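Below, subunit A partners subunit B and then partners subunit C, in two separate complexes.
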Partner chain A sequence: MARFRSLALVAGLALLGVAAVTLVPAIGQAPKYGGMLNVMQREDPPQGFSIHETSTISTVWPGMPCLSNLVIFDPLKKQESMDTIIGELAEKWSWQDNYRNLVFFLRKGVKWHDGQPFTSKDVKYTFDMVREAKEAPAKLRINPRKDWYSNVDNIEAPEPHTVVFHLKRPQPSLLMMLASGYSPVYAAHVPVANYRTGCIGTGPFKLKEWKRGEYIDFVKNTDYFVKGRPYLDGMRYVPIKDRATKFAAMQAGRLDVSFPGDESRTIAEQVTKAEPRIKLTIAAQNVNDNMLLNVTKPPFDNVKVRRAISLAIDRRGAVQAVHQGGGIVGASLAPRPHGVWGLLEKDLAQLPGYGKAQEDKAKAKKLLAEAGFGPSNPLRIEMVTRAIPIYLDLSSFIIPELKQVGVEATLRQIETAQWHPLVTRREYQAGPNLTGIGPDDPDANFYENYACGSPRNYTYYCDEQVMKLIDQQSQELDPKKRLQMVMNIQKKLEEDAARPMIDWRLLYNLQWNYVRNLVPHQSIYNWGRMQEVWLDK
Partner chain B sequence: MATEPVGVTVAEVELVAPGMALRRPGLVTIVWRFCRKKPLGAAGGLLMLLIVVAAIFAGVLATHDPIATNATSTLARPSSQFWLGTDHLGRDIYSRILHGARVSLIIGLGSTLLGSVLGGIIGLLSGYLGGKTDLISQRVMDIFQGLPLLVLALVMAAALGPSVPNVIIAISIPIIPRAARVIRSSVLTIREMQYVEAARGLGVSHLRIAFRHILPNTMGPFIVLCTAQLGSAILVEAALSFLGLGVPEPYPSWGRMLSVSAAEYAQKAPHLVLFPGFAISLAVFGSNLLGDALRDTLDPRLRGA
Partner chain C sequence: MRSSRRSPPKEAATRTYVARRLAIAALTLLGMSVIIFVLLRLAPGNMVDILFSTGGYVSESDKQSIMKELGIDRPVWIQYVDWLREILTGNLGKSYRYDLPAWEIIKPLLPVTIELAILSTIIAVLLGVPTGVISAVRQDTTLDYALRVFSLAGLSMPSFWLGMVIILVLVGWLGWIPPMTYVSPTENLKIHLVQFLLPALAVGYRSSALITRITRSALLEVMREDYIRTAWAKGQSGWIVIWRHALKNAMLPVITVIGIEFAFLIGGLVVTETVFNLPGVARFLVEAVLWRDYPVVQNLVMFIAIVVILSNLFVDMLYGWLDPRVRYGD
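Coming up: the complex of A and B.
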């Protein structure tokens, strides 16, 4: 027995020793300064660095290093929540009057990249412009997230380093939205149009040069307000459209990190198998695949037809076929364990399109027959989608699914530049779509994508009862009660087939093993600041 | 004294020639002679025939619905169930290649015929009328011919948008100047021949001379041109589809099958790239072999070479 104990002791000590040798350098290793990071970029940023005018990660990803928010999600924490929010331009903040007033105390001595001082006027200018306040001195050309701030009554800048958001009703989620990569502060002295081609920010990196189609170069901001950051001397974002080419470049060591959301499970596994020094991190994207159905025009003004379309699409089949298993089935908020507000599996199973595929298809046929469509009078629709692989794969899956219930669908492919104006003007009948949401928060999602009149409510679904429920959950301070309300809204949205959800994509992020402190979060829109990143070379 | 009409009409004069013609050999004899003289051309013809049969009977020969996805069999290797495997969405590659043959042939033949006919008419009128018409039309053709086939087709396809009729138009436009040049050069020779002069002397209208007497004699070069352009048209269609400017998803096209997704999965499932690539190669190879042999047979300058 004694001999066994001593053996166990020796083994335990040996294990501890191994752990110490392997773990301590990783945890305790001092960050190294210097070096250039080569970053994968999907395409030239369509709106330049004007994050407030964009709905795509193609702009947020290269825009974030140059800009700063009032608050941001801790870059080193994978799971975002109210508790992981840290100050950025705001040193601290305080909720007052039972979540009706949000006061930010700003950092002093912060300078814009052109040397001008940062003050509370810049904050007021930015968010008055985004919420389209009457007194706003500037206007955005496209304003996708105007409705995030629909509850802001006014913004006050009583002194250079204090700013107050006065709300119409309590809204704790405002802080979550302000912490998203979608909420940077613009300089009041720089015309907003300048952000489409250049970037004057307060962020850790200054824009050096953007040569379209070739590279976007950043250099370290030596005046950055966080002392000792950033670690890198600079970064180069390299736009490469073709998926096979960009991952070949990564494998060859020409790129150090992949573009968030462009990596499929298959390609990530191929790359890591071919080059074991490239690390794979699986996380969430907060991006869902969905089906846009224009409810303003027949036949999708009829809820039965919408529900039939929803029932026809096999969600679990889509996860397997479109993502090779790299996705999760969920409703309008990110499913668990990645998301906080997602419906439980037992609730999902009760919703149209989430049950057994063949039974759901039979129900779809019945609903179509009730709406007057059948073999002698098939429903013919034209779908429209972006001519990029992630949209086309989804469309290729949906068309045969619809065919099985007697819906004859054709596909029109259009370029990204045409896509957003077309869906914003609702000049389409149906369209397979991807929707990304800044933070995993009901307000961010519901107000942006389902609120009556929101520019991003592409389907034009507008239900007064749902709007009331959205407002109610928004001001609910008890998390448990709010969760229940949010779940009920999600059920209602799926039953109405407001924008049938198909699945939620998983992230297969790739980084070379010498890249440190670039931590993927559960939303791709919030971890591109890069001030903590360093190279262990 | 008034001259009496000779009593011989133009139609009657034209009828003299058929009566004097030698007895033509039958189709089987022609094919047999062609096969013996040009075995490679015959092989090309056989390949094209097989592709045409596959395209016509794709619905019967296919083992699966070409657009039906199968979540449980994605990227499956070739097997008894899926003869050439499946793609990333679980679609049967064999069935997609068969149905893709339809698209390739419809677009290939459609664009070749459209381009060649339009180019032929322009070449005919340009060569026959000569003068300013010839000068202006040839300068326009020069502009079009200055751009490579694929580049011009790309520009046209991008401008018109992806659909079968648009792709046919996009590919046919670069073929027009090539056809116009070939037919014009034949017309320039033929219009100086004595029988044309004779027709002119008999008061036959220009339009009738051009279409009834000159055009039939340009058929040799025209057929050669069509077969030669068919291979290029199939290849350009594949390239356009590869670049996302061809036939829209989910309907199969060989070029699209080789496209982005296939390139992405090529390491894990090489059959995704191999089989459609093989189909394109066979079609282009077949049409080129046939075209070369026809050119050797029909072009009097190369006959017996």
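Coming up: the complex of A and C.
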């Protein structure tokens, strides 16, 4: 009997041991509450927290934790698509009338950080203001994304927790744009100017203090509408200008998370080598390097010349030389496997400038000769670019590439203050450029960068046929058909050298190993809400 | 008795001298205000262009309305007169970038920069004067050569580079660097000192090199004077001769250099403040220039100009104390 008892005891202990071993990791993964997250910030946010008034990650990154959208991309899923959209201020939504009406059923009991109730009026106020509706009660000082909502005919708030977006034509992508970090809902009772100095949102964190040039402090919103969130007690965003200092601060543990897009491959690898407890996640940025060619003036009104320029630039060489391998080649939508709409490798290889470098350069010379340029009459162009390193690095790569096909390019560096006035007034021939796109979505990209009349269509490329195709894909409800249409548009844009894509930047995100649930997506603009983040300390 | 009879005219002369200097300072500031105002507006683009660049587009009609809102659509001379009037009434205008009163932006920057400049100057003096003296006294010895190499190295190394090396060495060897957000002395004095001592060392070393060289050459010159030879001949102790007789007289050019260095540090710590992420005047000034935040730039530059003028005045007043031959009324 005694022996049996001993055996039973041993067996029991063994079972406990097995249970302990198997359960410990699960317990270890259970989110923990509390703690402060120290987050890297590139600069004081331009326009404060007024995300609708900027197109820079410097505002979106610290603005997102305070604000909420109607819908958002699931923060825990790496790849954003229509399938990863989840409700935020909207509990659910429904497409009606064959995708002409988008009805949002809003959460009840949601409060703004100042205690006021959130209602459908706030949604109508925000998006009427962004689309500059006649009846809009307020106006944004700067409104870069008005065109995203050009298909919205009317927004109706029939009752406090229902809002209806009436569209001129079906547009499934509207939901994608509404899920972007660029699409928060503002409080109707707060003047829009106040978002430039403070933040009254419904997000998981309340703004505690913004000390200019020093830090932005957030505290947990205890009234947050998602039960049990956020996990963190607070966050501090620390603006650090100097690149070496900010990564030294990361390595020394003064910061827990790097700023999206500030990390080059080389720096990220150096930091993780020096401090193995810092983990590196490679994702995409949805930011591309491209070449602006002013199609309204000679010589780039000639498609042959534009195509020759596109053929001259070795994309793979650019990835290696400019980004030390930290980029990928793709057309006008983010390439796979990060992006959803990117061209397949075999299709890409057929496009000008994406094949073998020497063969493409030979084709470029031939096209230039057909356009009347050659050794005796070389094409001479002036390129302009912003006098900041990321633009200059790209320009330094392109000039010798062009020289190899007989194009003599000079570079004029201009200050940021002059850049957009200059390209908007079409006072340039060519210019290496960077373009960031909110969601990985054809509508967000095509209407912003390629549509006739769009203020951000810097090349002034305007093709009626392409516009028709863009409109057609926008209202196509069958995802497979739409993908095919989008791929065809991308091919056409590259063949026309509308804005030759050079490469897509990769993200080398750094986080200390105790940071959990901060998942970089394929666009840097959409994963800064932070409500799921917790510290395993 | 004699001195009490002579004091009032001397004091009056000093007062007149200071008043005259202050009047000249006021004129200088007025000239400075014109220069900075005009130069800022000669720079291409304005705040509204920068705002639009964060939006990635430009709308001419919206641009005009924002310029109107900020008041930069008015004739330049009206803007200038308004600015002067605002300064006189103690109102520094509103920061375009932050949409806050400029004084609210500028106020917290001042103690940071002033403290860093004072600490750096103290380190520079503590390091520079003794090394200069030793170098002069031990002229052409191994010690002199070593100290001259040390000071030459300080002159050759930019302080921001030294600051960066300090940061990288700390993080590489200790896995530690000072906090990246400003810690006030009331919050934590120890951390505050650490936060300031490192950049002050980097800056102070460079300044000390200049002070060393000036002290050495000035002292060498004075030590060849007859009265020093007389003091030696009278059998006074070597250090008494150097500290009491020679150094006091050699200090005039050194004090001038210290004054200039201090004034320079108020506006010249851009990179050091950036490297150590200290929220000081210089770092903010560069940011404000890039943003064409006219009210902040104009007022910060005026502040720097005032510090330069006052420190020069202070140095000049010190001359009289150090060298009784200096007469302010002359």
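As a convention for this text, the second predicted complex is superposed on the first by the 485 of 537 C-alpha atoms of A that agree within 3 Å, B and C clash if a C-alpha of one lies under 4 Å from a C-alpha of the other, contacts with A are read in each partner's own complex, and residues count from 1 in each chain.
Keep in mind that, in the parts below, contacts are C-beta pairs under 8 Å (C-beta built on N, C-alpha and C of every residue); 3 or more make two chains touch, one makes a residue touch a chain.
Since the structure is predicted, the reported quantities are computational estimates derived from the model, not experimental observations.
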Combined model on subunit A: subunit C and subunit B, fit or clash: fit
C-alpha centroid angle, subunit C to subunit B via subunit A, nearest 10°: 30
Subunit B versus subunit C as contact partner of A:314, first or second or both or neither: first
Subunit B versus subunit C as contact partner of A:244, first or second or both or neither: both
More subunit A residues in contact - subunit B or subunit C: C
Touched partner set for A:255, first subunit B, second subunit C, both or neither: second
Touching partner for A:410 - first (subunit B), second (subunit C), both, neither: first
Contacts of A:81 with subunit B and subunit C, given as first, second, both or neither: neither
Contacts of A:154 with subunit B and subunit C, given as first, second, both or neither: neither
Which of subunit B and subunit C A:162 touches, first, second, both or neither: neither
Contacts of A:101 with subunit B and subunit C, given as first, second, both or neither: neither
Smallest distance from any CA atom of subunit C to any CA atom of subunit B, in Å, after fitting: 5
Overlap of the subunit B and subunit C footprints on subunit A, listed as residue numbers: 242, 244, 274
Subunit C residues within the subunit A interface of the complex: 43-46, 49-59, 62, 66, 69, 97-100, 105, 108-109, 164, 167-168, 170-172, 175-177, 179-182, 274-277, 279, 283-284, 287, 290, 292
Subunit A - residues contacting subunit B, complex: 242-244, 247, 264, 266-267, 270, 274, 314, 316-322, 324, 387, 389, 392-393, 395-397, 399-401, 403, 410-413
Parts of subunit A lying in touch with subunit C, wherever the complex brings them together: 43-44, 46-48, 53-56, 58-59, 141-144, 193, 196-197, 211-215, 236, 238, 240-242, 244-245, 248-249, 251-255, 274-275, 414-421, 424, 455-456
Contact set on subunit B toward subunit A in their complex: 65, 67-72, 74-75, 88-91, 161-162, 244, 248-250, 260-261, 263-268
